[in-house]
Amino acid sequence: MSTRSGLDPHAGSSRTASSPGTRRVDFGRRVLVLRRRKVAVRLDWRAVIVCAVLALAIACMAVLALMTGSYQLSPGEVISALTGGTTGLAHDIVVEWRLPRVAAALVFGAALGVSGAVFQSTMRNPLADPYIIGFSQGSYTGALIVILLVNGTYWQLAGGALIGGTAAAVAVYLLAYQRGVQGFRLIVVGIGISAMLGSLNTWLILKADLDKAMAAAAWGAGSLNGVSSAQVTFGAACVAVLLVLAGMSSRQMRQLELGDDAAAAQGVRVSATRLRLIVLGVALTATVTAVSGPIAFISLLAPQIGRRLTRAAGITLAPAALVGALLCLTADYIAQHIAPTPLPVGIITVMLGGGYLGWLLITEARRHL
Amino acid sequence: MTDLALGRPVGPDTRTVPGPRRRLIGLAVALAVLLGLLVASMMIGSTAIPPTVVWDALFHPSKDIDQFAVRDFRLPRTVVGLVVGMALGVSGALIQALTRNPLADAGILGLNAGASFAVTVAVGLLGIRDIQGYMWFAFGGALIVTLTVLVLGSTRRGQSPVMMVLAGLCVGSVLMGAGSALQLTNPDAFDVMRSWDAGSIVSRPLDLLWPTLPFFAIALVLAFAVSGPLNAMALGDELAVAQGVRLVRTRIIAIIALTLLAGGATAIAGPIGFVGLMVPHVARWIVGPDQRWIFAYSALLAPILLLSSDILGRVVMRPGEIPVGIVTAFVGAPVLIALVRQKKASGL
Amino acid sequence: MTTTHPRRRRAALTAAILSAALVLTACGSSDDSSDTSSDKTAAKTDETHTVKAGNGDIKVPNAPKRVVTIGNTDLPFIDMGGKPVGVTGVEESELSLLPEDQRATYEKATDLGDEVDLEKVASLKPDLILVQIPDAEFKKIEKQLEAIAPTAFWGLDTEWRTLADSIADAGNVKDALDSQKADYEARIAEMKQKYAGLIKNTKFVNLDRYSSSDPGTFVIADIGCVEIAQEDIGLNFPKAAAGADPLAYTSLPFEQLTKLSKYNVITYPADAKGQPTEAFAPVVQTNTWKELSTVKSGDALGVFCPGNNSYGAVLRYLASLDTALASLPAAKQ
């Protein structure tokens, strides 16, 4: 792992670990210490401010997304629809169409951000995301089989994607397992399985009716079109549980960032912890993928942008989640408005991701070299 | 998003490496297998054509329709498979050496995305439908993207492998997104592209291939010419400079060679993935870290993988066929996984 | 791509099963297929009737004024003289096969995109929505569409004649449909009589190649327009065994062209001028094709298939087939 890329997440020590601080430690920056009963949380001022600004930006973006669409509604109409003052089409459009979509973008964006953070910490690779272990291609295979061969319903599609993705991830993990899982072997096996599944996917798309193939490809690009409130509620419930679990693991995550040996020295059971974190990361991605298809790059970008904004030494979860939500929301807004007809959100996130890397190259990486 | 393991240096191999004699024997065996596959590729097909007819088709040509089938269909795909395979193998080895990333392939520099985007534009916006037409777009797209990546990935101090990979990812992602947007809003383009994306060495007329051969030959010579300096660079830029290697010149030659090879192969056959990634990787396991040997082995092993996949694709669904780009991963990936389970990962 | 577009395959497939019943005697003809009956009936827009669709019995207005077509309902509806206000994306290759007036009608409608922009649908204020898309896709947007206007949906496996009947019923273009049907039945009867000898004695094979076909491959197509020649006229084309996938699902490498000598007549896809389609051109360019005895003797016929999911398109196919068959050496005798 080179530190020269400017992307290295494990270049420093743990910072915001919650510990009952008794000794005074100079952290080199201003921190906010919250003491309540026996727990004290030390928060970085900068992180707090960044999170607040992000939350504000998300709120603005959400309002914008609720207010605008190809169906013209005045702000007054939108507000009265939201407060239950309107019924009929205006109510449906705002409450049944726009609101679930905004909620989905928020929740799934956050989930992807956290998932990426978990993976990047676990793999100690700034470009690791759950897709490297074959989950993405596997879920696409599952979805393709449901769309093209079974002609299944929405929930079957979600199930197919989940089963496919999980099967691929489990296969990769098992094939890479030899008295523990070593990161590099996991990546090689992941590449191999992904390549096979990718070929299978190309073949399925090639042999399908054009209409179905295009519907499948739109799903494969990651799309929030037609997301219903039932789907969002279900997805949000899953994500909420997983986010709590992820928050509880954040300490071990940071210890793993220091390296297997250092983590083991601090009493972390490295292999078991890594497996648990991988499962958590995959489960988050899986939930999103099941509902909306694989939305690329958010899991890769959000943790890195979050780290950069807070100038933190390692990956932290809260900024990653907030950046993820903002990215997904903004990308979906662009996807709906940039072209004459709406595009899948995943297409925009891919391009945003590329743009971000370009910016990174031109500014930061150049300075480091 | 699979080939993202970045910046992991290809360290000096600590395992025992076979001596030159055994490596030469291995090379001879690979050559024999390749020759056998070339013959098999002429003999095996969807229809049963007797060996005598195949022989006559090549050496006593007449207007028999079976002979035409051999000359027009089996011969070109065999030659194309050989050339494209060599190009993919050597370009993969070049990229892995250049980026010091044992899991890099042409895709990591955005080359496939560039070619694919250019073809999408040709098909979707310009209405070009025949392979002769969009082949050049694919090549141009690959060329422009590689140059962009080179420029983006350069600093005042020269090119850094990590930055080039990041630049490739950057350009590749933007083009992939734009290409998907074009395809999903243009069903006609989508229809053509789903076939092109599969990758195939069939139906590429030989008169299309001949003019490109000199370029492939030059690129191969260039690749082998820089294999020595690349060896030195594997140990680090400073050490290489100390040994008298001119870094910038080596990198530029390597990039020209790999663009011609990978760009040419992709232009002819579409994005056949995995060959360029897996073959040099396996070659490194066999012969150790010496780039010259890796290049030589890659040049033989890649067409072996490609031709055997193509032959397999002809027989498994007879009388139908599966495009070679689909089959390679199914032939190659199990081999790769078996190997990575056998080898100690530190030997990579 | 001209003939048997893959998106039409399923619809075409079931055509075989139901087609026999529809071959009836001719009863007069009228070439006017572009009449809009919505004005004639002068029904009040608030009067409704029930239409049988894939999503149940749907109450639709008797004289819908603003119809949105989503998926494959667009071209059949336009073919029967309907004027939709909103349509989803149709490939340029398919649009280019339409008569000019139909194309103009299509282009006048608002494009809703491939990933249907629901708010745009709503802003068109339609009074009827006609949909034929994959089931799973429809499930996703069913509730939203129904909130906008009465929505009639048919699955992709709906037989094209049934679809035409249903669309005509829902979209109030029945008169145009009746006249097209009459033309169609007359044409079939005429061709059956004219080519009785060919029907009895000649072994046909229909080839095709799609834009998405693997390079260097073609198919023996038993779906698409050829089903009409096979089932309705009775020409002897090869057919997949019952229950098996259609022959057209197997792409055959060009080597298999050498096996075609066993057929008397080959039909292949051509454009309106009789030239091989762009997708099929690579087949015609091979030496093997040029050396085939069938090709040399002039028994390879290019046939224009502008679509097989509406009567207007099928009628144009039959006209092209008629011209082609008439040019056969065997038919001239």
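Note that the chains take the letters A, B and C in the order they are written out, and that residue 1 is the start of every chain.
One rule holds in what follows: contacts are C-beta pairs under 8 Å (C-beta built on N, C-alpha and C of every residue); 3 or more make two chains touch, one makes a residue touch a chain.
All figures in this text were calculated on a predicted structure; none of them were measured in a lab.
Connectivity of the assembly in the absence of chain A: the other chains, held in place, remain one touching piece. For chain A, the chain with the farthest CA centroid is C. Summarising the inter-chain contacts, the pair of chains with the most C-beta pairs in contact is A-B. The geometric centre of chain B is 42 Å away from that of chain C, both derived from CA atoms. Computed from the mean C-alpha positions, the centre of chain A lies at a distance of 44 Å from the centre of chain C. With each centre defined as the average position of its C-alpha atoms, the distance from chain A to chain B rounds to 33 Å. Among all residues of chain B, those that touch two or more other chains are 184-185, 187, 191, 194-195, 198, 323.
Annotation for chain C: residues touching 2 or more other chains are 6, 89, 113-115, 212, 214. Touching two or more other chains at once are residues 206, 210, 214, 218, 339, 341, 343-344 of chain A. Put simply, chain C touches chain A in their complex at residues 5-7, 9-10, 71-72, 89, 111-120, 122-123, 133-137, 139-141, 143-144, 147-148, 156, 212, 214, 249.
Those residues of chain B that touch chain A in the complex are listed here as 1-9, 103, 152-153, 155, 157, 160, 162-163, 166-167, 169-178, 180-181, 183-185, 187, 190-191, 194-195, 197-198, 273-274, 277-278, 322-323, 325-330, 332-334, 336-337, 340-341, 345, 348. In the complex of the two chains, the chain C residues touching chain B come out as 1, 6, 89-93, 113-115, 210-217, 250-259, 261, 278-279, 281-282, 286-288, 291-292. Looking at the complex, you find that chain B touches chain C at residues 45-47, 49, 63, 65-66, 68-69, 71-74, 77, 127, 129-131, 184-188, 191-192, 194-195, 198, 200, 202-204, 314, 317, 319-321, 323. By the touch criterion given at the top, residues 69-72, 89, 92-93, 96-97, 146-147, 151-154, 156-157, 206-212, 214-215, 218, 223, 225-226, 228, 336, 339-344 of chain A touch chain C in their complex.
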